[in-house]
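Next come the structures, one after another.
Each of the two complexes below includes subunit A, the first together with subunit B, the second together with subunit C.
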Partner chain A sequence: MVQPQILHPNTQISNITRQFRDAASRLQPGKLVKDEDFTLFEAVGALEIGDPKMDSGSLVFDPDLDEELGLSTVATAEETVWLMDELIRREVAWHMGYPLSQTLFTSVHIERLLWPVPRQLTDARFDRGDPVATRPPSLILDVFQPYCIGLIKCCDLVLSMITSEHYYEEEDFATQIYNRPLLHDFPVDEVLVMLQNARIWLHDSSLPAGLKDALKARLDLRQSLLGLFQSCALGDRSTIEHLDRSIAYIKMVESSAILGRATANEAFTLKIQRKLASSVPPRPMVAIERPKAFDFLRQLITESTIAFQVFDITASGDLLVAYQTFMAQSPQPAIYVRALLQSFLTCHDAVLGKFAVKDFIAQDIQSLVRPIVPLLDHGVGLDDTATDAKFHFCSRLDSFMNRCGHSFLNLFRTFCLNRCRVRRTLCHAALEWDQIQAEAEEMDTLAQSLFREEPMPYPPGEELTLSYSLSSWVYHHKLMQLRIVVQTGFELSIYAPHEFTEIYWYLSFLSSTHLSHLERISFFVSSKQLSAQTSPNAVRETLRNLYRHFTWLKATEAMSKALHRVLVVIQRHGQLTNPNPAYASELLRYELRMRPFMHLSVPEPIDVDVAKDLASLRNLSDPVILQQASQLIQVARKAWDEVMREKWHLQPLSRTEEVKSSPNTSLGATRYGVVEREWTKDVQNAMRACIGAGIAISTLSKAFHEGRIAAVKVEVPPVGHRDRWHSSWPVPRISG
Partner chain B sequence: MELEEAEATQFLESLLGKTLHVTVPDGRLFTGRFQCTDRESNIILSTAFEYRMPPKASEKAAIDEVKATGQPRRADMTSRFVGLIVIPGKQIAKMEVEEKRDWPGSSGQPFSIRTKT
Partner chain C sequence: MSSDASLAPNPQSKVESPSTYFQTHPPGISYLQYSLEKESEYLPQIRELISKDLSEPYSIYVYRYFLYQWAELCFMAVDTTDNNKLAGVVICKLEPHRGGPLRGYIAMLATKDNFRGKGIATTLVSKAIDLMIEKDADEIALETEETNTAAMKLYERLGFLRSKKLHRYYLNGNSAYRLLLYLKEGVGTMPTEQDQYGDVPVHGQDDPRYQHRNSEDIFSQGIV
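The block that comes next holds the complex of A and B.
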């Protein structure tokens, strides 16, 4: 046997090549020798060494690899422009979710600054290791190097923001940094000084004016991006002026990109992937096309700035609308912006930096149900005469509010996820809120006896009942989530057209349930008993809040009922019918679609046969159904008009100093009032869908009366199509 | 023959869980925990690291520097984590096993520099 080699006094290695081969060759074909805990399932994920498709370190096709990465420390101004623009294309790709190994970490310059990991900021240099004394001033070292450092620091701030909030690895963003901390430990201010010095260097240089301006614009853009990310990290609002400047820089960068010229040396290479810790196969380089990259950047900067407008919102209900509306934009805001909005919920340990979670949720409950129990300061009134029961109740109420606060804030966070995750998370949340509702009912029961609430007949003239304020509040939020689950199902094209009939029926069922729930709430809020607790103004406010929810739901209910009817008639005449594939069954499909709703205690799950029966409207004739549909769609139209009149927010917005001091306030507000703009667009699109449905109904009625209903052509424009007026409202288009 | 196979299996099983050092034809060295093998000597290593020889240029620079200054100078191998890997039998140029070293004459005490004096 070969003599073992001693690696370390306590470790030795012995060559077993021949012994191993010999032993292995004696195994029966197909037999494995393996660790007990190791499964072949895991082995599927293993990288095969030597296979160039899997093994990023394989040298097979590249004998030159052993060359050090070539990094030239000279570049012309044209080349520097090109290098900066190429980096931006990769930076944007990273923002969009591609890993660093395929984007910025293909740059030899970035690699040189980050590896070996610099101990001081001054170590991050292209000419690290070279003798320092003989360094002539150069564009690469005095301008491009600070630019790269600025870029890396931007990435560091972006990464910190995203990883401190909810995001989905692979779906939204790739957080891997391959043991190269992105200059994380060095202060932003020092980097800003470097960028400033680079600008001065450039100013004093003798470059031609055009190139000088092009480089300056790139440094300015970098500086303003870094400034923006820094203020976002601190929760500071940056100004509209700052935004305008940044947009102007992008424009300059974009228009001067033509000056750039590619470098002779390879500045971007996949070879670096061989050095990065990696358990994935080699992957291609990704750089976003220039126009798209700049568009992305513009949107990123704009949204990161105007996102701060939500700080002007003063009521929880309005904030929820704002989060929902902001995030429903198409294209959806970048993951950085979605993380930023989440960070506002815990800004300086308070919602929007000003509401303690408990106050925030108490305000939401108050504004909706005006409960008989005081939610805050309920300990204050307690004196020696207070009973144990009261103490007990107060502590339970506290812990209930804490628990709710968490779930309530998660609702805001949920809207910041990617669209598929919004729906999925709401499906789970519905179950959680079902549980909360049960707890709330217990609290209500305790409160009733403790505060001696008098039962009242509801509906008027019927049995006596009580307000159940807390659980009413929970149920309201739960029903809203259920409705969004259904509507995002349309938006995400989850349902096939032949399923629309039943889904619209279910949507109308949910909205009807919600409407009667709101009616019940408003009955108790306006009853003498509860309104005696609060000021008439507060009661009026709550009723107005309820009314706003009511109009929105009325529109939704009427429109879904109308569309349900249109689809029933269409399907009766052999259009959009179920293709009935051999492997499918009605029951399985129903179970699948109703899965999020099947385990709730309220609204009670509906049996498949009952649902089918109700959705079929089998006792109604075609003309009756069409007649109903056309009445319903008019109701929907009026309700949407009313929604539009009511505006998106209930409470006035607080105006910031900045807006007040700006001379053209109204201009600024309309130009940047993103929630207002998006909300209005949403309602307008719903109205257009409503009009579209009206046209479908009259076309269908006409065809029916002319006896050619079986010959009409029916199409449902898919999401993204010009004629799909609203993504959550598919409307059939009928012709012929 | 059957006995031989049993012995072979026993030997291979004794290696499971140990750290192997495997050199492949292009000169790279992989270390990792031995998990599985078969008749073709294909092996699976978990929590593996890849080591590469330093680039020729920096090796040469180091040698030149040693020659010129007489001071010791290192040109380090570069390493990275690669996780779970399969090395096909035909890629194995050399295989070594890492083991705890029994210090001759010691009574199971681990070796330490201090006890040497």
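The block that comes next holds the complex of A and C.
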């Protein structure tokens, strides 16, 4: 019986054992007594006490479990090699998103260094609390221990980078450290010194050359990783030479892994999980296969280094292309790299460490719409009589720019999210930009009267209208977001093949809308009124920028129109048809599918009947549709050619140190010009999809003329399939 | 379920209700609605069938969470030739989603290996959907592993659409798709406590209940 403790004078104790027993006796065994607020989450979190699959604490009664985790303070060189490689397999698993409890924190060595939490770096020792005062020098203490400390410090820097940017807990990364700060308070330089000393120790040792080199390569790789993470944390660019060296170390580590021998003592154990968090079911150990782990490391090091190439970019539009392209790589860059790219946006409190947010956004607006309003120097263009109005306008413009700046930078950040989140976040962003557009229109209206903008007939010969520059800029970005929502829908296989007809139709609608919008912007930019405000060069620059967007959209429009037509014909002949009967009507499915677009004020949501009617092309015969498709795909091919000629960036890149040192290579041509490479690959793949669509069209036409169109076989190669030329452009493959 | 060739949609046929179209009665199989007094006979079998393909088991509380609150939304297929042993099961719930639409949720679906390809899973789901419709559900949701093409085909034939992909959704690191079925007009515009997408980027939350996952998100490892 528990004896009563000290009680508050106003507290009364009553024994409810009997009531509890009475109540319990009226329940069926197993009956759920559920509190109102007991959620599914809690049901999932609940453990069955005593079931070793759920209750890690029940292992207390495991006779195999020693009081202390066995940690051997001797290891052969072969074992040390093996231990280091096993740690790397777990380190990579952690980078990939598995929690420490299933990865590095299964290591008895790591646990010994981190628990109890060391107060000073010298506390982090394997032989902590050892009765023997000083140990003789040994591989494990003088080489493996510093290696582990280096590894933990790497993890600390990685964790800090990721947690200071946008990421998704569990999806991208598990940040839990189980009250074991990863040597956070100790400076990197001290750790680097330890690694250096370990290297010297190794050098002086009498180990066989092969093993010595193997261990050296592992220390070098660790040192080089730590150096890289440190410079990334400081926003310092590391050199291509450093990258080359790191890649060479990985190669040496990889090729010498064969020398490793597993330790006799258990070096990795799930028993540690019990000490970390007792309320969580035991989870399996995760270690990535060696070849995959090394591939991952290579990619991580390469991308963390070459990511800094975006610092050479001088224009906001080019930077957006770079972020988009860099992040669309498959496999997608690791969460560390995605966080690193985000950190560049606030590097030394400025975008790329050189643009104030306001200048950055002003430059983007200028380069696209050349507004009549001076964005930065408000005084210009206003006469003395306008003082009050001017003051009012300036302060509104300021707050508008501030708000937009935030949303604009978020666009860059969004591309750094995992692909599923990119799409979902852009759905939100489009709604936000829809609101910004309304505000921008108000600003435009104010500016029109303040700056006495003369209305002009647009389209030429039609009604008089005004430039609406700011809202035009907003609308451009919103339309881009909507297009990416649709295209990532293809990339992520959100759409089933029977939906492709309507989705391609909607994509062509979005691109047509965008094209008309760009045409409108060009009209006002080149009008005398607006161009009088700026230098002819600036106007030319803007028109060129618009033209580049125009060609890309022209290609997208023509290609989506062509594929829409291909799919209409296919569906007419009974393939890829909508499930029928089904529990959801066409209307309900339309409503669900179009949800991201249904709450926008512009482009206006399209009524289901209108959409179905337009998408069906019901007044056109098969041969007419196929004829149109064939012409459209020609247009698309020409447009992609033009896109390719234009290259990925509008403004010249600033020359980097590395390029200066070898003046014969331009940045784009260097073997690490990642944006250039990926962008080119993307356009080339779109071209291949275009060619594929052309083949589908001629196969269909032939089948039609031979009267066997109803018998053709239609397949859509899934993402990742050899014949899926572009992930965002599914093209039906037609045979038979 | 991919071998359900007999169930391939036939656009010519005029079927009054989708359920008659989707529900099959293979010989020897009979369908039962779960109820609490069946617990001792069927709960252990249900657990066994569901856990078979899971790397980490659900606790008994998870099954009871569903079965005590929505017993009628659990349908079982039993083998009448073998002591009415369990051949397949679907477990669901139905409640307002974030204070908005009344959402049916298909939490678990499984058919025993040797009973697959007979349309049993489709029938079970169809029965659950029928009852949810009867109970005035606005929409039905579920998640399925991205690699489970059979399950996706099954649900897409019923009229579900993939609404989003969920990155590294399962503990094994695999991603999932959320599938949705609207049952009424205007569901997409019904107000909820959070915004309609319900997953604004936030990070660093320390309360596990407010992590990116909805409580229900942990479910629906449709095993077909």
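Going forward, the second predicted complex is superposed on the first by the 668 of 736 C-alpha atoms of A that agree within 3 Å, B and C clash if a C-alpha of one lies under 4 Å from a C-alpha of the other, contacts with A are read in each partner's own complex, and residues count from 1 in each chain.
Heads up, the rule we're going with is that a contact is a pair of C-beta atoms (placed from the backbone, for glycine too) under 8 Å apart; a residue touches a chain by one contact, two chains touch by 3 or more.
Bear in mind that the values here come from a model prediction, so they are computed numbers and not experimental data.
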Of the partners subunit B and subunit C, which touch A:Leu47 in the superposed model: first, second, both, neither? both
Just to be sure I read the superposition right, which of the two partners does A:Lys34 touch: subunit B = first, subunit C = second, or both, or neither? both
Touching A:Arg421 in the superposition: subunit B (first), subunit C (second), both, neither? second
Does subunit B (first) or subunit C (second) touch A:Ala264, or do both, or does neither? neither
After lining up the shared chain so the two structures overlap, which partner does A:Leu464 touch, if you call subunit B first and subunit C second: first, second, both or neither? neither
Would you check which partner chain A:Ala24 touches, where first means subunit B only, second means subunit C only, and both and neither mean what they say? first
Which superposed partner A:Ala209 touches (first subunit B, second subunit C, both, neither): neither
Figure out whether A:Ser14 sits in contact with subunit B (first) or subunit C (second), or with both, or with neither. first
If I apply the document's touch criterion, which positions on subunit A are contacted by subunit B in one structure and by subunit C in the other? 30-32, 34, 38, 42-43, 45-48
Which residues of subunit A touch subunit C in the complex? 30-32, 34, 38-48, 53-54, 96-98, 163, 166-172, 175, 281, 283-284, 417-421, 423-425, 427-428, 492-496, 499, 574, 577, 579-584, 587-589, 591-593, 595, 598-599
Quick one: in the complex, what on subunit C touches subunit A? 9, 11, 15, 18, 21, 39, 55-62, 64-65, 68-69, 129, 133, 146, 156-169, 171, 173, 175, 177, 180-189, 195-197, 199-201, 203-205, 208-209, 211-213, 215-216, 218-219
List of subunit B residues in touch with subunit A within their complex: 4-5, 7-9, 11-13, 15-17, 21, 24, 26-28, 30, 34-41, 44, 46, 50, 52-53, 55-58, 78, 80-89, 91-101, 103, 110-113
Along subunit A, where are the residues that touch subunit B in the complex? 4-17, 19-35, 38, 42-43, 45-50, 57-60, 66-68, 274-279
